[in-house]
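Note sheet for the following structure.
Per-chain numbering from 1; labels A, B, C, D, E and F assigned in written order.
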Amino acid sequence: MEYRIIKSPSKGTLDILFRRKGSSSTTSIENYDAIGLVQGRLIDMVFAADIAEKAAGVVVEDIKGHCPQNLIMIAIFGDTASVEAAVNEIKDKVNAARKGEAL
Amino acid sequence: MEYRIIKSPSKGTLDILFRRKGSSSTTSIENYDAIGLVQGRLIDMVFAADIAEKAAGVVVEDIKGHCPQNLIMIAIFGDTASVEAAVNEIKDKVNAARKGEAL
Amino acid sequence: MEYRIIKSPSKGTLDILFRRKGSSSTTSIENYDAIGLVQGRLIDMVFAADIAEKAAGVVVEDIKGHCPQNLIMIAIFGDTASVEAAVNEIKDKVNAARKGEAL
Amino acid sequence: MEYRIIKSPSKGTLDILFRRKGSSSTTSIENYDAIGLVQGRLIDMVFAADIAEKAAGVVVEDIKGHCPQNLIMIAIFGDTASVEAAVNEIKDKVNAARKGEAL
Amino acid sequence: MEYRIIKSPSKGTLDILFRRKGSSSTTSIENYDAIGLVQGRLIDMVFAADIAEKAAGVVVEDIKGHCPQNLIMIAIFGDTASVEAAVNEIKDKVNAARKGEAL
Amino acid sequence: MEYRIIKSPSKGTLDILFRRKGSSSTTSIENYDAIGLVQGRLIDMVFAADIAEKAAGVVVEDIKGHCPQNLIMIAIFGDTASVEAAVNEIKDKVNAARKGEAL
């Protein structure tokens, strides 16, 4: 899995993500300080989305790649501290799941 | 094959799965305690779906998503014990099939 | 190539296969004792479909994966003995073709 | 590249190929003794299609199917001797092109 | 990641890029001296798009294209010096992010 | 990258290319002596298309693979000498770019 945090994202970057989000939600995603990006396999992304959803102060979107219905990345929107906390929690729990602790 | 169990899934996670399910069933999938995720090759997933379908107390959906590697994923909804039992049965039988015991 | 035989397939499993079949045939596929699954490359699947079509007592469908028009698996419906016979014949002839005996 | 020749193809096999052919030609492909299948990379398949088109007594179609590896497949319809001759000519010329003799 | 800079791009090249751009912007992209192309994984491309967006004197578009490997590509339009500066900044920051300095 | 030159292309081969071209141009591509095919990654194909566009006496089309919006090959139409010159120039410049001389 790969992780990136973008602080003060540009409008064009938000546009790219908005065009590729899976949900039909029309909530603006432009008022956030930071974006956390997590890319990986479908099964890990669903697992990571659930962890991020349960974290405080962030909004989660799944981002499509190019093939129809590809889910390869989630984006986590929020203030910088909340996004960093959510990304770190994903890292820990996905690693734990891989080591079999979650199953 | 990869396995994950998500307990008390968040609404956003259920939305991601609901948007990607193959069936046109409109049955709500929001009233379950746990989700089991199983990702693998198409042939193993059909085999796994059949095992899960025959298990007690769970609902099975195939989830669209990973074009590049020809993988698909199934999600198994139910109470935690039933989901864990179904996932464990899949593990055992898929391993057995690979060793040629089922064929 | 990969092979699986599912005996007494569940309704959900048949639904997954029915949603992914390539033909527009509306023939019910629910009255069969067993399903044989064969997954592989396009060229081998066309070759295997022809072998199965010529076998007695089975119906053959090509099953789509996720990318548009992907053919990666065929399903063979029939009673258990006929399905097993068809799958075994495919195994033998595909192996023979690979060794150059058919060409 | 992979090669297969199917003699006296079954109707179901012809249906699979017909549903996946690229051309909008409605010419029946059911009156041929044999089918040659050639699978490979897009660039080799265009090259092979040209060789087969110039061969005597065969009809060539490109067959849709294997997105993940960027492979496509052509099918060559005709009497058995013509199909075998076309497939053998493709083998020779593609190998020659790979060795740089054609460029 | 791969980088290319095309100076004085031909009209046909701009057409290929224009047909494949993700945004619905109808802004002409024909009045620029140079194009920078950056190809990589989805997560790196979102990150790179943000860096380029924040650079001076360039316009950024994501370009659709390479389904099999989950790669996407961005194109950066502007005068030669601005495009070269944006591409160099992407190189530096992506390498830094990979070494963990950004996270 | 892979290169092929087809001299005196057959009508069926031109049809395959015409069905897969990215541009909406309806210009006939049937009056040319030769076709040069170049297959590779998206970023190299855009770069190669620009080189070919600037060469004399040839017409360039991008050719789609099977996944939607896949760009994996360009076709260069013209008389044999012009096509060979364009393909050779692409070879030289792509190799130079890979060695970092162009960037």
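What we mean here is this: a residue touches a chain if its C-beta (ideal position, glycine included) is under 8 Å from a C-beta of that chain, and two chains touch if they have at least 3 such contacts.
None of these values were measured; they are calculated from a predicted model.
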Distance-maximising chain from subunit E - centres being C-alpha averages: C
Subunit B on subunit C, rotation in degrees - Cα superposition, rounded to nearest 5: 60
Fraction-based call for subunit F against subunit E, same above half, different below: different
Approximate Å spacing (C-alpha centroids) for the pair subunit B, subunit E: 39
Chain centre separation (subunit C, subunit D; CA means) in Å: 22
Separation of subunit B from subunit F, taking each centre as the mean of its C-alpha atoms, in whole Å: 45
Where subunit F touches two or more other chains, by residue: 66-70, 72
List of subunit A residues in touch with subunit E within their complex: 2-6, 9-13, 15-17, 19-20, 37-39, 63, 65-67, 70, 72-73, 75, 87
In the complex with subunit C, residue positions of subunit B that touch it: 22-23, 41-44, 46-47, 49-50, 53-54, 60, 62, 64-67, 70, 72, 97, 102-103
